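Shared between the two complexes below is chain A, which has chain B as its partner in the first and chain C in the second.
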Partner chain A sequence: MDFGPHLFLAMLEGAITAAVLALTAVGLSIVFGIMRVVNVAHGEFFMLGAVLAWWIATIVGGPPALGFVMALVFAPVLTGLLAALADWLVLRRIHYDPERTILATIGLLYVIQQATLMTFGPEARPVEAPFNQRIALPWFEWGADGFALIWPWGLGTTTYKLAVIVAAVMILLALWVLMTRTRIGLIMRATQLDREMAVAHAIPVEKVYAMVFALGAGLAALGGVLTVPIQQAHYLMGGDPLLLSFIVVIIGGLGSVVGTVVAALLIGMSDGIISVFFSPTLAKILATLFVAFVLIFRPQGLFGQRAS
Partner chain B sequence: MTPGGHSFLSSAPFRSVLLHGSIVLLLALLFGVLPEYHSGNLARIMVLAVYAMGYNVLFGYTGLLSLGHALFFAAGMYGLGLTMYWLDASPAPGMLAGLISALVVSAIIGSLALRTTGVAFMIVTLMFAQAGFLTILLLGEYTRGDEGFVLQQADRVLFGFDLTQPAVRYASALMLFSLCLALVAVLVQSRFGKTLVAIRENEERARMLGYDVLRHKWLAVIVSGTLSGASGAAYALLFGYAGATFATVQYSIFPLLWVLLGGAGTTIGPLIGTVFMFYLIDISSQFTSAYLLIAGIILILLTLFAPQGLAGVIRKRLIPWLP
Partner chain C sequence: MLNVKDIEVAYDATQVIFGLSVVALPGQVLCLLGRNGAGKTTTLKAIMGLLPLRAGSVSLDEVVLSELAAHEVPRCGVAYVPQGRRLFTEMSVAQNMDIGLMVSGAGRATREKVLELFPRLRERLTQRADTLSGGEQQMLAMARALCTEPKVLLLDEPVEGLQPSMIALIRDVIIRLKSENVAIVLVEQQVDAVLAIADTVAFIEHGRCPETMAARELQNDASQLRRYLGV
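Let's turn to the complex of A and B:
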């Protein structure tokens, strides 16, 4: 393949990474924004989504589409319930102290990951996509006869991959409606703005926190379910989404949902492109160092406003 | 309170010498008593306890929670390992190279990461350590990446002593441990150590009193990082292996666990925590491959119920003067 079609393909793959990443990172971002805690176990919720999708699809059986749709509904709900339970049992009891929450969620990370290893096992297991037609994509060329469309070998994608992008956009829009147009969203935003004032107005802050934690985990799980037909379910698959979500949330400005989505696009696309043309390890080194330096020299994020 | 000998016997330096001296003596005697499997374990524990003590200087005494100490451990490990493996250096200069590399790395990371505080400090140290781990993988040609490399038995001879002999290995681990324990015991009683505690308790007040807080924190990072590096270098030297596993996030979490379990801000806590955790994992790994489950559960339980750790409980209930 020539450079042009190759770059196009890399961008397409990058867009899929960015779509899943946006979901996962927005989950981390609303938890940080509203609860003011960093959830280190976030990647494990992503992994749980993928693993539960495999369980559900296996139990349901039948045509792949049925199992997948069931997984799309129930995996995030189950993960969310588990997260709410963790919030109720652990985080509530340490009063959401920032540093102790990080320690507790590191513990939670190990518990979820190792419990998955004990039940699901160390194998990677696939979930079949509900539909998966190949689409060959055209590319233009200035040949001897002027402008012409060609179909380079290897340049293509699948209907499922395109559907992931569409699904991610729709879920993010639904989240936006939830946060800005519903009463529950209003309560969440009120809690984010001023916790004390929310308590004074009889908002059950602890319930809101449990719900936000569940919502964040559910979004990560959705990312996991959408990923699992492309990348198999494995108990260690939570590491990369965690790292990338951290990077995205920090660059987008901690707690800013719009900044997070923009940063997810940026990081997803550049990760796709750098990984295709350079070493993926080098791409990760540059990304982690970049995050460290953003935090050191521009703690409000690249798109955030400096706090007054 | 009372003049004369009595006040000396109950003075802080005397108690400190007595307490730490008897721990070292106990560890020396244990070698004769324990079967070979357990004395081998104890040698490993003593080396790792040095890592925990280093971590404790920063976390327990200065109040800075780092999630990236594996970088300093690995700096010591590869500082020694690479000079011995590629330059055929003998253990003494190898050890020096390990210490210097940990010192330089911690000085640089400290000067950058200390511009942040709290949660940001945790994430920045985590990110630097992750970048370090990935760099070890990237330079796989020299570091052999994940696979790591073995230091040959013939090269691991220090001043004529064969470090692969169990007794020599145990004695070397004990010497390193005692040296570092003494260093930390003196440090925490010194002006410098007391200032670190003052910063931990109330940073603003320490600054108001005229202490250069940033400089003290920076020196604490360097002491902490260099001790961690000493542990990493000794680990590679005594057990003959260096690999990228030791630079992973997991190895940044371990010293945190050891110190939390043993008791942050106490001199003996790191040893206690390392012993308990080592054997918990050793025993549970006989039953399941998911032995890290134990680490997770303990971390959650500690955060919930005993943030002061075992030595913290001892200090609260039994021995209020525990340093």
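Let's turn to the complex of A and C:
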């Protein structure tokens, strides 16, 4: 393949990484923004989404689309409920103290991981995509007879991969509507802006926290469900999303949702492109290096506001 | 009637309120007067349930507020205008008022009534709270509180740093609320700001309330003022 089509393909792969990453990282971002909790177990919620998707698809049986749709609905809900429980039983009891929440979520990470190993096992298991037609993509060429469309061999994608991008965009739009256009969003933002004043206006902040933690976990789980037809479910698959989400949230500016989405695009696209042309490891190294530079030269992140 | 009885309040290990008692009656202004650091703000936060009591109780009519979770106190009819306003800065004027309206489930009628008290806010409904002038921010802090339809309104230094015209406006609103039978607890450091509208003055000193006087008496007896405020 020539450079042009090759780059196009890499960007497409990058867009899929970016789409899933945006969902996962926005979950981490709202949990940090509203609760000031650094959730080290966030990647495990991603993994749970994928693993639960396998369970659900297996139990439901029937055509792949049915199992997948059930998984898309129930895996995030179950993961969210588990997260709310963890918040209520653990984080609330330690009063969201920053240092202790980090330790507590590290504990949660291992509990979820080992419980998955004991029940789901060490194998990687696939979930079939609801639909998966290959589509060849066109490229253009300036030939002897001028402009022409060609169909280079190997330049293509699948309908499922495109659907992942569309789904991620729709979920992020729904989240935006929730945060900016609904009462519950107003309550969440009030809690974020001034916890004490929120309480003084009858907002039950502990319930809001449990809900936000569930929402954050649910978004990670959605990322996991969308990923599992492309990459199999495995009990250790939460590591990469955790690292990349942290990178994205720091670059975007802690707690800034818009910044997180933009940074997810940036990191996801460059991850896709560098992975295709060089190696996935180099992509991670460069992303981590980029974070180091952001922390040195713009500690509030690209879109964060400087703490006053 | 808001009844604050023998409360003791501490920040972690340091106790700052030592057995303080005051009473606020409907349709009256109770002024908590004291120097910086005397414990006035701490007292208001304790009434709101934002700080736990070590001893004593706070009750409104028959309801013992100090036995409730903090977020249940506003629903019982206590509203708080904190020192420094503490608006939800990234939200619009309308959204700040919405947060207040949600407390009591009040609707359009309440909102209209509050906007009538503060017409300048009506012109700025979509403006972000942190872009308002100081006086407008204070209006919004009061508007947000009044949207909860309170029986008791706690005001912590509401005229701090405001222009005379703004001070007059806030005073008018307080007088109007008095006539509507709201109990008002007004925290101030400067006595001249309150003598005209206060019914009762409670002196706060080192976390105690050694003396409560009718405002009328106070006007004749300047020696009390000198003792507590050093004026």
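In this section, the second predicted complex is superposed on the first by the 305 of 308 C-alpha atoms of A that agree within 3 Å, B and C clash if a C-alpha of one lies under 4 Å from a C-alpha of the other, contacts with A are read in each partner's own complex, and residues count from 1 in each chain.
In the analysis below, a residue touches a chain if its C-beta (ideal position, glycine included) is under 8 Å from a C-beta of that chain, and two chains touch if they have at least 3 such contacts.
As the structure is a prediction and not an experimental result, all values here were calculated from the model.
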item	value
Fit or clash between chain C and chain B when superposed on chain A	fit
Touching partner for A:2 - first (chain B), second (chain C), both, neither	neither
Which of chain B and chain C A:281 touches, first, second, both or neither	first
First, second, both or neither for A:110, with chain B first and chain C second	first
Touching partner for A:100 - first (chain B), second (chain C), both, neither	first
Contacts of A:291 with chain B and chain C, given as first, second, both or neither	first
Between chain B and chain C, more extensive residue contact with chain A	B
After superposition on chain A, the shortest CA separation from chain B to chain C (Å)	15
Touching both chain C and chain B, counted on chain A across the two superposed complexes	none
Residues of chain C defined as touching chain A within the complex	48-50, 69-75, 80, 82, 86, 88-91, 95, 98-100, 102-103, 144, 148
In the complex, chain A residues that touch chain B	38, 90, 93-94, 98-100, 102-104, 106-111, 113-115, 117-118, 122, 243, 246, 250, 279, 281-282, 284-285, 288-289, 291-292, 295-297, 299
Complex interface listing, chain B residues touching chain A	65, 67, 112-113, 115-116, 118-120, 122-124, 127-128, 130-131, 134-135, 137-138, 253, 256, 260, 288-293, 295-300, 302-304, 307
List of chain A residues in touch with chain C within their complex	183, 186-187, 189-190, 193-194, 196-205
